[in-house]
Structures are given as structure tokens and as C-alpha cells.
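Input: structures, listed below.
Same chain, two partners: chain A is paired with chain B first, then with chain C.
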Partner chain A sequence: MATVLIENLTKIYPPTLNHARQVQALGGLNMSITGNVFVAIVGPSGSGKTTLLNIVAGVERPTSGSVRALQEGVPAQIGYVFQEPRLLPWRTVVDNMLYVQDRKSDRSRREAEFYLQMVGLSEVADLYPSQLSAGMQQRVGIARAFLVNPDVLLLDEPFSHLDALTGRSLRDYLQRIWLQTRKTALFVTHDVTEAVELADRIIMLRPGGVAYDDIAITLPRPRRPADPAVRDVQDEVLRRFDAMGAAVRFGTAQAAR
Partner chain B sequence: MTTAPTVAPGSVSALSARELRRAAWSRWGYRLSVVAGWAVFVGVWYLVARFVFTPQQLPQPHVVATEAWDVLTQRDFSTNIQASILRVVAGFLLALVLSVGLGLLIAYSKWWRRLLNSLLLFIVSVPTVSFAILSLIVLGISPMGPIINAMLVATPYITMNLAQGLTGVDRRLIVMSESFGRTRPQIITGVLIPSSLLSILSGARLAFAVAWRMELLTEVFASSEGIGFQIRRSFESYDIRGMLAWAVLFIIIMLLIENLVFRQIERRLSRWRSPEVGTTQ
Partner chain C sequence: MSDIHAYQSLPGLRQHDSRPAAEGPLTMRGLLRRPWFIRLVAVGVLVFIWQWVTWVNTRVPGIDEIVRFMVTEMTGGSHGGALTGEFWEPLSLSLQRYAIGLAVGIPAGALLGLVIGASRWARGLFNDTVLVLLALPAVVWAFLASLWFGLSSAGPILAVILTAVPFVAVNLAAGVRNIDPGLVEMSRSYGVPAGRRLRHLLLGGTLPSAFTGLRLAFMTGWNSLLIVEWFGATSGVGWRARFWYDALRYPGFVAWIFLFVILITVFDRLLLSPLERRAFQWNQQPTLTFEEEL
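Take a look at the complex of A and B:
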């Protein structure tokens, strides 16, 4: 069972040529995620959502505090789905998937093909990314993240660059694979509807990267946005989101934990 | 735009028949324009040779072609051509090895970038004839002169393109690799080198052409065999036909290397850039 422990995490970006002042992306964030849960992290721009995922993935260093992603006490294997697919354009789809694997064998190719099949792309394994649509490329990105058999799955607004219909279809794919694999998932989004549809728990961050609220979602899966129960939860989350916006505007927002 | 049968269900569409016809016409149009260009060149040459110059000053194209055929069937043709090609290839390979080191230094060190940029610019600015004369003075008549000169003039082009390719690598792909736990060597071989290859190739192409010319010029001054030496020998005996015949053969070899080596490598490396199928959401 994977655990992600975030303790007093702070990230401050120093001034650059474009930003004369330093920017605080995360400000003393504390969070604990245990078990095979799907956690959505929502917040407005500048609340440090992507920075948080990058630190968990180990591609950015915190200014202070710590992040530990563990599986049975050892460092967890991370799978990352980015905002854009980030495929290597000179490799075919299947080779892109194999790139993130340590062993290269017939078995790993079969595994890659299995996950491609799960996202409905088994017939494009030997095509290049430029021959695929944006939605298909993102599906490859999702399949690639699952291929490494991740203990912790990080998803950074994976549907934000897609049109509504393609995003809808990708959420279905993601939900289906996640229900089969049940990985610990951290899903960053600014779309409350997406968060309610996919997550067991929603953590709200306010600007400056401070936790504001933590909401458990206990609705059965699979969820459809049109379901009345889903809509009720959405309304509740949106109400709290608006309250956070107002609180931030009037300077009364407090960290929830 | 009409759509053709799909390659992958609901996803990738093939080019329509109309688009294929248009592509075929475009290919033939390109070939015809190349042929037309050469025809105009030969035509102008013929007219100028016929009406402006004497045959001793500028022989007509068919006379040069006959002479080139005679040269081609001579026994010493292969000796001379082999000598020139071996030297230019040796100089080019040395430049390639040197450029990898220099390119890495320029791409990843500000200090080296400042130092080497001006040095390479200096080498590019030196008149090629100075290198040729200098090698005659320093090395005498030796095969080393053409090799070293070819290396010297080729190095800046490969180095600059390699450095440009390395600094232009999409940083997001490196972050992706790191997030999946790829090691530094895996990132170098999996991301940095492949994404710089086309840039390196375009530098190599230019460098090879420059190295060829330099090697030839050095042979004119400081060699006892090779195409450059043969051009000089023809010039010394006022054999303009022989001089032009060797020059034409040199051009043909250049074109063959460009089309059979560099263009093929480029086609292979850029396969992923020219998808033959359209895309849909």
C-alpha cells in the first residue's frame, strides 16, 4: 500500500528576468495520503498544484519541508501523466512506452500492447506521435504511466488541452483503468466537475500553496456528471470553492490542516 | 476534403485519392524543375562557349563531356579519386570527433561558449586559400595537408549545429524522462542525441561540402595526386578541356554523395516528421 507524506512543504521560486519578485508556490503544506485512493487536488492558478506533483515525482526540489512517496517502506515507483503527452516524436507509440521501462523484452512489449489496448489504441502501436490526434497522444501518455506499474500515479491536468468531447472520453478511459488497477493517484485539476467524477477525496489549495479544505467523496463508481447525486456533490464543492475564493479575496482564508 | 478508409478505427484517416494525385504531381513537378534548371545551365554554357569565347578559352559542353568520359576510363582516375575521397573522409571524420567534444562544451558551459564561439567564427572567416598555402609551407607536399585543412574548415559547422541542437532540446522531454526514473546516460541516448540528430546532420552536410572544396584547393597547392592536383596539372599545360572535365567529375561525385548518402540519412532520420496519414480527433 502506497503512502504519500507531505510535511511542511514550501517551494519559493527566486526572482527571474520575467518575475522581479520571488514567487511562493507552496507555503508549508501538510498532507497525508494512504492507500489506493484517487485524490484530486483543486485550486486556482498559482496555488502550486503542478509544483506539488513535480516535487512528489522528484523532478523539483522543495525549498523546505519534505515529501516521501513510499511503498511498503521503500521509495514508490511513480507514473506521471502530464498536461501535454510529452511523447518522443522520433519513436513509435510502442517504443515511446518501452522507453520508460527498464527491461526491454517481448514481455514488456506485450505489456505495452496490453495497456494500449486498454486505452483503445492497440492498432496504432507502430505509428509515430505526429500521426495521432492530440486525444490519442494523451491516451498513449496515460497508458505509458500505467505501464511502469506505478505505486503512485500523478496526473497533472491531463485533459486541460483537449476539447470537451475528447476530454470526456479520456476521463472514461482513465476511470476504467483506475478501477482495474486501483493505484494511489494524485490528480491535479482546476475543474471541479472532473474532480468529483474521479476522486475519492478532494483537497483544495488556495493561492500560495496552502491547503484550504479536504472533502471526502463517497459516491459509487462509475460516476456520470449528469447523475443527481454527483451534481449535488459538485454543487457542494463549488460552494466551498466559491467560499474559498471570497475568503482569499477578503483575506480571511485559513489553512484547514 | 474527402476522406479515405481509416487505418485505425475511428482515429487515423489515409490520404484521399485526390491528395495522392496532387502529391504525385508535386513530385514530378519537382523533378521536372530540376531537369529544367540543368538544361538552362547547359544551354547558357553552350551559347556562351559558341558565341562569346574561343574553344581554347571555354570548350562547349559536349566536348567537356567527351573529355570527362575519357578521364573516367583512364587508369589513374580511380587512383586520384580514391586519394581525394579518402582524405576528405578522413578530415571529415576527425572534424566529427572533435566537434562532439566542442559542441558539448559550448552547449553546457557558458565559459567555453564564449571562448569557442569567437574562435570558430575566426576559423570560418579565414580565407580558404590561406589554409592551403599555409599547409604547403608547414607540411610541404603531403597527404596530411588536405586532411588537416578539411578537418579545420568542417569543424565549426558541425560544432555549431551540434551545440544548437543540444540547447534546443525540449526541456519537458527531459523532465518526463527524469520523472520516470531514467538515468543520465539513458536521457543522453534516448532524448538528447536523437533530438539533435537532424541539426547535426544539416551541419555535417554543410561541413562535408566545405571540406571537399578545401581539400581540393589544398591538393591544387600541396599534393601529388587527387582531383585538385589533376586540375592544376591540366591548368599548367593549358588544357582547359581536361580542367573542366575534372571539375565536372568532381561536381558529379559531390551530387552523388549528397543524394546517396546525406539525403538518404536525412530521409531515414526524419521519417517521423512526414506522416503519410492525416489525423482526426
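Take a look at the complex of A and C:
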């Protein structure tokens, strides 16, 4: 069972050439995620969501505090789906997937093809990324994340660059795959309705990277966006999200928690 | 390629414009759209203009004269008096110098480019030096080299090296710097081992600019070889061209210059172009084509 333990996590970016002041991306964040749960992290733009995932993935270092992603006590294997596909343009789809995997064998190729099939792309293994549409590229990114058999799955607004229809169908894909695999997932989004559709738990961040709210979603799966019960929860979470926005504007966000 | 076409009907699939030259029966309009035909016409026009100039100005040698001269050179025949043809010796000497110069200059430039691209510190240290190398005309090497080494092979070789190094280095450094940081982040988050990152990310990412640097090194290296041999050597293609120039035998001079141009075109067409096409299957747009160079 995977756990992600985040203690007092702070990230401060030093001043840069084009931005004279330092930026606090995360401000003393605490959270503990255990087991096969799907956690959505929502927050307005600039609230440190990407920074949080990057620190969990080990590509960014915290200023202070600690992050531990463990699987049975050892460092967890991470699978990361980025905001953009991030595929090597000069490698075919299947080679892009094998690039992140240790082994290169016939078996690996068959595994890669299995995950491609899971995202509905069984026939494009030998094409180059530029020959795929944006939505297909993003699905390759998802398949790649599953190929490493991750203990912890990180998803950073994977559908935000896509049109609404494609985004919706990919959300269905993700929900189905997650139901089959039940990986511990940290899913970043600024779309509250998306969060309610997918997550067991929603953590709200406010600007400055501080936790504002932590909501459990107990709706049965699979969830359909048109379902009135889903709608109701979405409305409630949206209300809280707006309340946070107002609280931030009036400087009372700290007290609201 | 064949499996790509099999999927063309897949929804959502984008197909690259592979720019087929207009196929079909050979009509006049069809002909005019074929690159080889246009090229043929261009060569024809050039030949015609040349012949016309030789009629007007008798100092300019005609094509027939040049060909005759070159045949005499190649067969070692007599040019009149004590002068006999010489061809293979100057040519093979030049090609040797060129090959040695590139064999040293290209790897050295690549190494320098990688270091400059990867480290800010190295950039500060070497950038100006490389720019100076880039800016110095080859004739400076000719004079310096003849000062240092006399009229030996060292000068031409050094010139090829010093010309190739900055072109390869500057382009490769730019290539390294232009590698998408998102892809680097992706590799790190998945823990992709260094060796594989080097082979797939660094190599793939810098290949376009590496090719640009390579082609420029090939062309400019050959140019500076000619110039250095002209001014500071007693052998080689450049020297032979000057020999006939000084002897006021213009057909000889033009013939050797011609040979020189033909050789560089052949290097590019037969060696670099096919290599580049192979390396860029994934986007099918060579970075710098010979046509653009002209």
C-alpha cells in the first residue's frame, strides 16, 4: 500500500531576473494520503499545485518541510502525467513508452501495447507523436504513466489543454482505468466539477499554497456528470470554492478553516 | 512507411504533408513542376550565359577548353613546354588534409559545443573565443600557418580544424540549450537512467542543430582549405588552381575551381543529405537544405 506524507511543506522561489520578488508557491502544507485513493487537488491558478506534484515527483526540491512517497516502506515508483504530453518528438509512440521503462524486451513492447489499447490507441504504436492529435498524444502520456506500474500516480491538469468534448471522453477513460487499477492518485485540476467526478477526496489550496479545505466525496462509481447526485455535490463543492475566493479577497481566508 | 498509410483513415490522425512531386503523365505543366526539370533548365541557362560571355570576352575560357584542359591534367598529358598534367596528387593530398581536419575538428567542436551548451560557466569561458574563430576569415589562417609551419600540410589541416570547430560547437551548444526542459523534467520524474537519456533525449534533441553544424563545417572547411592552399602551400587543389592562375592559364584555373565546387556539391548530395533525411524521418523537414544555402 502506498502512502504520501507531506509535512510542513514550503517552497519559496527566489527572485528572478524578470520577477524581483520571491514567490511563495507552497506555505507549510500538511497532508497524509494512504491507500488506493484518488485525491483531487484544486486551487486557483498559481496556488502551487504543479509545484506540489513536482516536489512529490522529485524534480523540484522543497525549501523546507518534507515529502515522502513510499510503497511498503521503500520509495514509491511514480507515474506522472503532465499538463502537456511531453513525448519525444523523434521517437515513435511505443519507443516513447519504453523510454521510461527499465527493460527493453518483447514483453515490454507487448505491455506497452496493452496500455495503449487501454486508452484506445492500439493502432498507433509505430507512429510519431506529430502524427497524432493532441488528445491522442495526451492518452499516450497516460498510458506511459501506467506502463511503469506506478505506486503513486501524479496527474497535472491532464485535460486542460484539450477541447471540452475530448476532455470529457478522456475523463471517462481515466475513470475506467482507475477503477481497474486503483492506483494511489494525486490529480491536480482547477475544475471543481472534474474533481467531483473523479475523486474520493478533494483538497483545496488557496493562493500561497496553503490548504483551505479537505472534502470527502463518497458518491458511488462510475459517476456520470449528468447524474443529479453528482450535480448536487458539485454545487456544494463549487460553493465552498467560491467562498474561499471571497475569503481570500477579504483577507479572512485563514479564519475560514 | 507502409504501415503509416494503413492508418490514414483513423479519426483524429494527422498526416504529414509528404509533398509528392506532381505525378501523372508527362505534360509540359507537369514537367515544370518537377524539381529535377527546373534544375536542369537552370543549369542549361547558366551554360548558355557562359558560352555567350566567352564569345563577347575572349579572356573567359569556354566550356570545351576547360574540359580539354582537365582531360590533359587527368591523363598527365602535355600542356605545352615542360608543363605536364597533374591531377591525382593534388586532389588526393587535399582530400587527405580535409579528412584529417574534419576528423579532428568535428569531434572537438562537438565536445566543445556540448560543454558550452550544458554549463553556464563554460559558456562564459569559451563563447567569445568561439565567436572570434567564427569571425576570422580563412586567409588569416593561411598567413599564420605559413608563418608557423612553413608551406607544409599543417597549415591547411589546421585551417580546416579551426573552421570546423566553431561551426559545430555553436550549433550544438544551441541545440543543447534548446532541449525542451519539460522533457528533461519528464525523464527525471521517471528516473530514466543517464545513458538512455543521453542516447534518446540529448542525441535526438540536438540532432537537427548538429546536422546544421556538420554541413556548415563541411562546406566552410573545404573553402578555407582552398584558400590556405592558395596562399600558403605548395601542393593541393588550391595550390594547383593558383599555379595556373599565376601562369595566366585561365582554363586551368577555372577547371580546378569547378572541380572544387563539384566536389563539395557531391559531398553534400551523396553523404550529408541522405544521412539527414534518414535522421529526420520523424518530421521529414531537413533543417538546412542545400538549396537554402545558395
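In this section, the second predicted complex is superposed on the first by the 254 of 257 C-alpha atoms of A that agree within 3 Å, B and C clash if a C-alpha of one lies under 4 Å from a C-alpha of the other, contacts with A are read in each partner's own complex, and residues count from 1 in each chain.
The working rule: a contact is a pair of C-beta atoms (placed from the backbone, for glycine too) under 8 Å apart; a residue touches a chain by one contact, two chains touch by 3 or more.
None of the values given here were measured: they were computed from a predicted structure.
For the composite obtained by superposing both complexes on chain A, the positions of chain B and chain C are in clash. In the superposed model, A:Glu84 makes contact with both chain B and chain C. When the shared chain is aligned, chain C comes close enough to touch A:Asp126, but chain B does not. Touch criterion not met for A:Asp232: it reaches neither chain B nor chain C.
In the superposition on chain A, contact of A:Asp163 is made with chain B only, not with chain C.
In the superposed model, A:Gly135 makes contact with both chain B and chain C. Once chain A of one complex is fitted onto chain A of the other, the partner contacts of A:Val100 extend to both chain B and chain C.
Across the superposed pair, chain B and chain C both touch chain A at residues 54, 57-59, 78-80, 82, 84, 86, 88-91, 99-100, 123-124, 127-128, 130-133, 135-136, 148, 154.
Residues of chain A touching chain C in their complex: 54, 57-59, 78-80, 82, 84, 86, 88-91, 95, 99-100, 102, 123-124, 126-128, 130-133, 135-136, 148, 154. On the chain A side of its complex with chain B, the touching residues are 54, 57-59, 77-80, 82, 84, 86, 88-91, 99-100, 121, 123-124, 127-136, 148, 154, 163, 165-166. Note for the complex: chain C touches chain A at residues 3-4, 7, 10, 12-16, 180, 182-183, 185-193, 196, 200-201, 204-205, 207, 281-283. Contacts from chain B toward chain A in the complex involve residues 7-9, 11-12, 172-173, 175-182, 190-191, 194-195, 197, 269, 271-273, 275, 277, 279-281.
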